[in-house]
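Per-chain numbering from 1; labels A, B, C, D and E assigned in written order.
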Amino acid sequence: ADKVVRVGYQKYGTFLLLKARGILERKLEPLGYSVTWTEFPGGPQLLEALNVGALDFGVTGEAPPIFAQAAGAPLVYVANEPAAPLSEAILVPKDSPLKSVADLKGRKVALNKGSNVHYLLVKALEKAGLAYGDITPVFLPPADARAAFQHGDVDAWAIWDPFQASAEVTLEARTLTSGEGLVSNHQFYLGEQAFVAGNGPAVDAILASIREIDAWAKGNVDQAAAELAPAVGIPVPVLKLALSRQAWDVQPVSAAVAAEQQKIADTFHDLKLIPKPLKVEDVVRGNGS
Amino acid sequence: MAPLSVPRGVAAWILPVTLLVAWEIAADTGLISARTLPAPSAVALAFRQALSDGTLVQAVAVSTGRALQGLAIGGLLGFGLGVLNGLWKPAELLLDSTLQMLRNVPHLAIIPLVILWFGIGETAKVFLVTLGVLFPVYLNTYHGVRTIDPGLLEMARVYGLGPFARFVRVILPGALPSIFVGLRYGLGLMWLTLIVAETISASSGIGYMTMNAREFMQIDVVLMGILIYALLGKLSDVITRALEHATLAWHPSYAASQETPA
Amino acid sequence: MTLATEFLDDPFFGTGLLGRAARAEEAGPAAPAPAGLPLELAGVAKAFGARQVLRGLDLRVEAGAFVAVVGRSGGGKSTLLRLLAGLERPSAGTVAIDGKPVTGIPAAARLMFQEPRLLPWQRVIANVGIAREPGWRANALAALEAVGLADRAEDWPSLLSGGQRQRVALARALESRPSILLLDEPFGALDALTRREMHQLLARLWRERGFTAVLITHDVDEALALAERVLVLREGAIALDLPVASPREAHGAGEAALKARILAAV
Amino acid sequence: MAPLSVPRGVAAWILPVTLLVAWEIAADTGLISARTLPAPSAVALAFRQALSDGTLVQAVAVSTGRALQGLAIGGLLGFGLGVLNGLWKPAELLLDSTLQMLRNVPHLAIIPLVILWFGIGETAKVFLVTLGVLFPVYLNTYHGVRTIDPGLLEMARVYGLGPFARFVRVILPGALPSIFVGLRYGLGLMWLTLIVAETISASSGIGYMTMNAREFMQIDVVLMGILIYALLGKLSDVITRALEHATLAWHPSYAASQETPA
Amino acid sequence: MTLATEFLDDPFFGTGLLGRAARAEEAGPAAPAPAGLPLELAGVAKAFGARQVLRGLDLRVEAGAFVAVVGRSGGGKSTLLRLLAGLERPSAGTVAIDGKPVTGIPAAARLMFQEPRLLPWQRVIANVGIAREPGWRANALAALEAVGLADRAEDWPSLLSGGQRQRVALARALESRPSILLLDEPFGALDALTRREMHQLLARLWRERGFTAVLITHDVDEALALAERVLVLREGAIALDLPVASPREAHGAGEAALKARILAAV
């Protein structure tokens, strides 16, 4: 194997299972590729590496690729997992007086700026008839947000799995609303433009590997949880809850998914999170790239 | 090598300006792609933009406020502990080793604890800056106090100077050059810690601005942040130099450095 | 020589009762003219590690006496003064000032060290008035004038010559007006004429103020010219204890004999 | 205050152990909830677990490798630059100000650039540690060299010592106490920078371990990481002290500190 | 006195040709016995800021001469030596060694400073052999023995007494075997007997090695005892230039007259 695929992964997700099983290596070997795996603490960092050409392929949530595209990163949407709206939510402490999203008016909500829950919060407020300006956003990365949440510094916390599940189980946090009916919450598989354009068979082999692992995971949530738990450092029951809410069926990015993604981009533009509007469909695999 | 007969103020800028020009040329000729590293002119544009819409001034003002509070508290604590441990053996035995251990704990790692203790408000940020400034000031003050000429201390005691007079007239001036090194370092760390501190629920400040831009891959803004940090470093340097000049006039090496420009 | 005659008109170093009264007025009633205090060393030994520097030294110096100590280089002279100033603890025996054993730094004694030990970060005048007693500036300037360095008052010590630094240290020791003045080779870096002026200055102040003086010197003539009593320190003990009659007489025939005796003892 | 007649090694641990015991008691009595701050015994458990499954040893080994490489490069560079700028005016004019500016640039902010230059491999991490160690060593070396007694340098020149001999016999030993302060600080920063460096695509090392645990809220592992950092700080302290003891035997204050335990 | 006689048997300070040959062998053929070099100052002036220390000094010293300089404290004696050692640049005029103007530090000259300037981080013996020439350890030990400090070779300098430090500095200056030896009050901290021993040592080495010597001293007797020529420096110029016939004779009647002339000039 004289060609290399550089894959970026995060601790929590299908790629960790894939890596453990060696499926990808087996599928790419005949095509003359070897695989190097690189772990990243989050989607933005993963795409940062992809942007400067240090990575060929990776997986993130829905928000990071929008910022990467806005920054001109040479990325392509290759595929996505189905919607998993239950995998993100707005939580409140168990004894909180807040009963509905509308009660958030004038309250402090912790969230990771520019993440999928940022979009969720906007949508949830919209639905409850509140303006974004009616709440005070407190931007914190998950670990810090949890500390603030526990400490009572914030009234609510918009968060995704597995942090969401962990807060539900260990802090007995109450769900104000999940993403259901508000957002779709996809996972995206993203490739570097030149790599995707020049290595079609390899990309297809990667997708085939993901399909294989998805199929396995769907039927073996318990075992998947047991396998991931030591690496992630999250108790098995928590992980099981998180994984059970996840959708497992990788598919090419459809026009509908692209359109949803476009809505997120437009919302972020309205929030001035990105400086200029962008067209998601320009960087979807198969759409001329 | 040809003697440099340019004034200090100019010589100091030769290297940074050369680097900047080289970078611009490399960017303009396409040697580095603008996507991965925007040209200085692009950064200048971001600069002008941030200046004109007031975000930059506000960011610097907010960060400066936090930085100065942390500097005041951390600097005084570090100085006090340095003097205490430098002069009083039991304190040194009891505290120094613990301080050396605490010093080694990364700010990034203790952020959850800091939030638990201080919440997500300004206190937490100022606390982190305090920690950042404390240790270099402590270490250098301690070293400065320890290495004071014991002959001069003996003299002061024999000439009837009480502890306070000894401190003001012998220990402090003797340790000052070293304390300034600590201050110099502390002034730098003050800004560096702030970038960590401003990941705690900040919505303003240059650390926040830079990290936010990094998250969203606005490389031109990140570079602008880096330049601002560099300029703040230059500013700290100018301030410390002025302080040294004012207080170390008696010191052969400090006095000389000001008088002989080449 | 011009310097020595100037002292007469000097408010600080003024002669006799007049000068002393003027000074007492200046400093207020809280600072009476200091008088000498007696010193006593009984069986004092001092060792640094295995090196025995002083061995069983016995010495009584009466209040207001002027004692000179001579001895070989490395013979323990500075160590003796450091014991008196409370900077070293004896390995055995006791050191007492005014009958009270010395613990800590005795407030009554001032030591002029063998090296100048000037604070480099203080101007010359501030070095002289190091204790910052009320009116220190005028006193320090007067003391500098007495040692011939009034015009260098505002210089940094590092710009002075070796002899000038020594004179600043001398001015500092004199300005502090102690009851016991310990001088460790105070004139070693001075030329013959300046040295003679300083002799006169010291002798005059001793007469006026009555402090107890212990002077270490390597110059036997100097010891004879200034002291009432000359001690020879040898092998850690006092090898000779010689009273000198009317020490401030000019070089006579008797002096040569004394000098020979001292040199033989060293 | 009663004289402390305990040996140095014991006295140094009084404070940390007291804190630990107080924390355990507070945790056991429910004064602090175990969820927000696990008891030391829980941390000890995590410690034993990590030790027995080998992850801890491996993490420390990997990090130590990176740290030592960065220390070697950064320390030598900082030392070299400090000596150069301390001794040679033109270099100081040209470089010092730029170094003071670079020093002020936060590591977190330049990670995108570092990835751009060095990729996501080991080089990038070692580069960051190098940067972290470089500046304290530089500043303190520079200060140490600048404040050497000019009288001794004059003497050395008059006695025919060439530049190399002057360096080895006068400048280096004279600057050594100050260089050790820089080294002390550098040894600390070495680990601190590593935690930042190990957020770049690492999957091993104590920085990674701690930050990962932080991300997934395993507070006991985070605390374990903090303790390990503290112990590494203690280790650095012990090493520097031993070095000081060995090389500064002539120095009154360093020699004394070793001989009089109270 | 015991010390002075020991030099005769000493391999390093051995007398006459024998000693010199032994030394030359030791150091190899690359180090010939140094001979003195002439010095010349023409119209030399030196000012520090507004303070004019030397004004138009003219002086020729022949190769191998022994010149003593006396003058008041702060009179510019040390400055003169620093000019010769290349540590200061004249404000006007030229300083030349062996006909060549001094730029930088002349390799031929060694200056014993007014302060000991010992490296605190080197043992006494390493301080003496600071230049680390081949065979330095034996030479340094011999030099230390000559100044009576062989037993302190392995001590740190900070543990020495004032006079001991000065003798270490003297040993260092002698061990370096220069063509021009500049001595700035080398015996100021020594007692009369040690001083006399050091006089004999210096006189002997000068005779044996033939270096040019410039000695600053505040002791006129010392100047007369050692030098062939005594210069008085006053107000920045040479006020008296007195040749001394057969300088190493004992104190005679003529000497008193010379001394009186010198003191009058100072």
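One rule holds in what follows: contacts are C-beta pairs under 8 Å (C-beta built on N, C-alpha and C of every residue); 3 or more make two chains touch, one makes a residue touch a chain.
Keep in mind the model is a prediction, meaning the values are calculated, not measured.
Common neighbours of chain C and chain D under the contact rule above are B, E. When the C-beta pairs in contact are tallied for D-E and for A-B, the bigger tally goes to A-B. Distance between chain centres (mean CA atoms), chain A to chain B: 38 Å. A separation of 30 Å divides the Cα centre of chain C from that of chain E. Each chain gets a centre from the mean of its Cα atoms; for chain B and chain D, those two points are 17 Å apart. Between the CA-based centres of chain B and chain E the separation comes to 50 Å, rounded to the whole angstrom. Looking at chain D, one finds that residues 36, 111-112, 116, 199, 211, 214, 217, 251-252 touch two or more other chains.
Along chain A, residues 48, 52, 143, 146, 150-151 each make contact with two or more other chains. Within chain E, residues 115 each touch two or more of the remaining chains. Which chains touch which is summed up as A-B, A-D, B-C, B-D, C-E, D-E. Listing the residues of chain D that touch chain B in their complex gives 1, 3-4, 6, 8, 11-16, 36-37, 89-90, 92-98, 100-113, 116, 135-136, 139-140, 143, 146-147, 150, 177-178, 181, 184-185, 188, 191-192, 195-196, 199, 207, 210-211, 214, 217, 219, 222, 225-226, 229-234, 236-237, 251-254, 257, 260-262.
Contact residues of chain D toward chain E in the complex are 151-152, 154-161, 165, 169-170, 173-174, 176, 248-252.
Of all residues in chain E, those touching chain D in their complex are 85-87, 105, 107, 109-111, 113, 115, 117, 119-122, 130-132, 156, 158, 172, 176.
Across the complex, chain A meets chain D through its residues 8, 11, 37-41, 45, 48-49, 52, 54-55, 142-143, 146, 150-151, 162-163, 166, 170-171, 232-234. Interface of chain B with chain A (complex): residues 35-36, 111-113, 115-116, 119-121, 199-203, 212, 214-219.
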